[in-house]
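Some notes on the structure that comes next.
First chain written, first letter: the chains are A, B, C and D, and each begins at residue 1.
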Amino acid sequence: MMDEISVRFLDCFKKDLNNPVFIEGLPGIGQVGKLVAEYMIHVLGAEKVGEITSIYFPPQVILDEKGLARLVRNELYLYQSGTRDILFLVGDHQSTSGEGHYLLADCYCGIAEEVRARRIYTLGGFGVGHLVNEPRVLGAMNRPELRGEIEAAGVTFQRDDSGGAIIGAAGLMLALSAQREMEAVCLMGETSGYIVDPMAAASVLAVLSKLIDVPVDPTRLNDRASEMEKAIEGFVESEKMKDEELSYIG
Amino acid sequence: MMDEISVRFLDCFKKDLNNPVFIEGLPGIGQVGKLVAEYMIHVLGAEKVGEITSIYFPPQVILDEKGLARLVRNELYLYQSGTRDILFLVGDHQSTSGEGHYLLADCYCGIAEEVRARRIYTLGGFGVGHLVNEPRVLGAMNRPELRGEIEAAGVTFQRDDSGGAIIGAAGLMLALSAQREMEAVCLMGETSGYIVDPMAAASVLAVLSKLIDVPVDPTRLNDRASEMEKAIEGFVESEKMKDEELSYIG
Amino acid sequence: MMDEISVRFLDCFKKDLNNPVFIEGLPGIGQVGKLVAEYMIHVLGAEKVGEITSIYFPPQVILDEKGLARLVRNELYLYQSGTRDILFLVGDHQSTSGEGHYLLADCYCGIAEEVRARRIYTLGGFGVGHLVNEPRVLGAMNRPELRGEIEAAGVTFQRDDSGGAIIGAAGLMLALSAQREMEAVCLMGETSGYIVDPMAAASVLAVLSKLIDVPVDPTRLNDRASEMEKAIEGFVESEKMKDEELSYIG
Amino acid sequence: MMDEISVRFLDCFKKDLNNPVFIEGLPGIGQVGKLVAEYMIHVLGAEKVGEITSIYFPPQVILDEKGLARLVRNELYLYQSGTRDILFLVGDHQSTSGEGHYLLADCYCGIAEEVRARRIYTLGGFGVGHLVNEPRVLGAMNRPELRGEIEAAGVTFQRDDSGGAIIGAAGLMLALSAQREMEAVCLMGETSGYIVDPMAAASVLAVLSKLIDVPVDPTRLNDRASEMEKAIEGFVESEKMKDEELSYIG
């Protein structure tokens, strides 16, 4: 029988990292976490060091533009600098079952522990159900003493719904890493939840970059966010005009 | 691989209890069992002694008002007195799968056996689909000889549907504890099933308090029940007035 | 962890049976198999010898009229005579999952093998989607050479749909017992599929009684079937009258 | 407990094959893969050498026209010639669960590895949502260097949707065989996805026959495709006439 979850590191990968943090950016609400992590991997030139496959992922393969097939997977990318290494977790999908969510999130925490990550950052969107002009970044963490530092970086904890829940890896990793005595912080960009949202991603990137003290040039993500903002404004404008036309008729 | 079910007792917890009973009050119909158990924990000043987490719970974390994340969990609280100790089981959720329901309920029975509980009480609501003025408490048990004692405490066994079923932990614990040769009783407060129901909870509390011979001041639960009763009366009254107005029109 | 499937025989049960057959009558289409097996148990005075519980059954307990709770279960009943013993399998429910269906059906075949059953009979309904006046009994088996004997007992193999499938224990036991080199026959009474159907059950009983050479007084089942037949005729008649009345209006 | 997946080879089967390829043609979109593989088995006179059953298949038995029951299964057929042996995988169903899809596909790859297959071909339909006049054959593979050879045989890689996914065994076997260092190619005939499609199957057969260098007389499959083509033309024609009639009325 094949393993339920399989983690493969590339031979190049040495687990002895320099002051590392672990950043999770898997698919989720508004694809916010995915956008941030993949953008950082691209801009920082992080290199792929590992792959995770699992029977809890959807039972399909993904084709590249040349017709080459590969399993649905999650990937690990490593960025190394003189002062701060980053291990990124990105990928195609999260688990299709509740039990798989737990087992995979615990596996991810195990990897973070193995590389002795100083902290885990999980990234996501915070769906509010309407368009957001200046998306805030909401926070959660697994130790109360982390809050001051996070707030100082511009994160808010004022949710309209008191309490609340975080579903999937971004949430579970907070709690499962606590059992391994690791620090973890979740950053969630406010988003409508209806679209892939680079604006929310730009907000999260700004905060995260400050927190991990690794400068990341946000230009291209901001450009993409501006384009989307204009597109949405155009759409809203045209909807308003339709309403006005209708009121002439009425 | 992480455990499917994980039980953690706090260090303070000594399993050598004094004439103990085990009270289950997990979420369910009308949240009746949850209301009763949490109220008793509060009024009696019971202390937390353990936690249960499981891959069969929903795959999410719950945030407190400060943004601190924790796994979905069930909790154990202990009340100790000179004559009667009580171990309470309360929590966020029940299992998301049928198989998980069985495995968790059996785990709970194992805990009750470990502390040598004299009896298990499982609490719940009995949904009747309409508002109930003076909710009765219906009973079920895992040994026929328990019935007399339960009836004497004010519990009725006259269900409109003969037979019937009890779904989830409140039901399964009755039967799975029988296999461990433990006594178990289920108390269900009549409730519409549409709302969180403190009136049904107050009825269950009165009976349970008598059965375990532990006085619990019901004042605040009764107050909450009275408030809801008035709110409902007001609502029903205003609906009637609408009907009368409509009959003038008609 | 509790067992996925648990089989408990009563102490009174001796597995050394006399020329035994195994009869499965679990819930299914029109409850036909259940009606036949439970009727035979009642009329023949078969005695309970075992119980099967499983995490693949629905996660609930069933209450008797006195409020006594028990797990959802399947039961084994034994009828003993000078020439032919019968082990009956009846119960509350079948599996809630596909995997559970396989594991339970294989467990049932294991029991039949353990008592060295000469043959397994699985009973069920054959849903045709409309009322049936004189329900035929359709057959299936796990060895071609059994067909002649079954047809001689009044079973037909002329299905309107060539081929077809049998879902659940009644089907799986045919195939899984073949792997244990046991004979198995499935008898299906034609039924609308909309109602609990004693007429279909009476047809199956007549055939089965002949095949196992155990006379079973069918009077009370036939009476129940007649009553239902009259009730249905009355209903059909009244519907016709409504149609006629409508045609007067039209 | 029965095995989750069970593979049984007939005694006649010797695993020492001559230059073998493995061809998967399980049920899927337009039943294209199934049509091709079953047609080849028939025309080449391949012989059955094995069976696979699993608790991940639907929990039912399938009856033949004589009432003989068998488990839902997948089957292995072997064609042997002087220069090229072929092991075919065909069957009734694929897995009912995501996890089962992975475990079964990995099991199939294990069989291909066991017989030292030079290459795996997985066959399927490529659903386009509309009728296709001259169905193309789209390709995917698990090694980039295979593309040239496949294109030379008439396969296209120009999908309207760049990238994309292949669900089920036809996809998973590509990726899971790569982990065993085996070559694998997927051939997908364009099909509406609404009907069992012999036209798409004929296109796939032509390409596959060339790739494996085993001539397969396509006459009867082409005949069936022509018949269906005419039936569809007739249908489309009659629909057009209805439209014209309607336009006279209009």
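We adopt the following convention: contacts are C-beta pairs under 8 Å (C-beta built on N, C-alpha and C of every residue); 3 or more make two chains touch, one makes a residue touch a chain.
Since the structure is predicted, the reported quantities are computational estimates derived from the model, not experimental observations.
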Out of curiosity, which chains are bumping into both subunit C and subunit D? none
Farthest-lying chain, centroid of Cα atoms versus that of subunit B: D
Taking shared residue numbers divided by all residue numbers at the interface, is the value for subunit B and subunit C over half (same) or under half (different)? different
Hey, what angle do you get rotating subunit A onto subunit D on C-alpha, to the nearest 5 degrees? 90
Whole-Å separation of chain centres (CA-atom averages), subunit B against subunit C: 38
Report, in whole Å, the distance between the mean C-alpha point of subunit A and the mean C-alpha point of subunit C. 54
Per-residue multi-chain contacts in subunit C, two or more chains: 4
If each chain is a dot and touching chains are joined, what shape do you get: line, ring, star, complete or other? ring
Chain-to-chain touches, reported pairwise for every pair that qualifies: A-B, A-D, B-C, C-D
Complex interface listing, subunit A residues touching subunit D: 1-2, 4, 55-71, 96-97
So in the complex, the part of subunit D that touches subunit A is made up of which residues? 4, 95, 98-99, 101-103, 105-106, 138-144, 147, 157, 159, 162-168, 171-172, 174-176, 178, 186
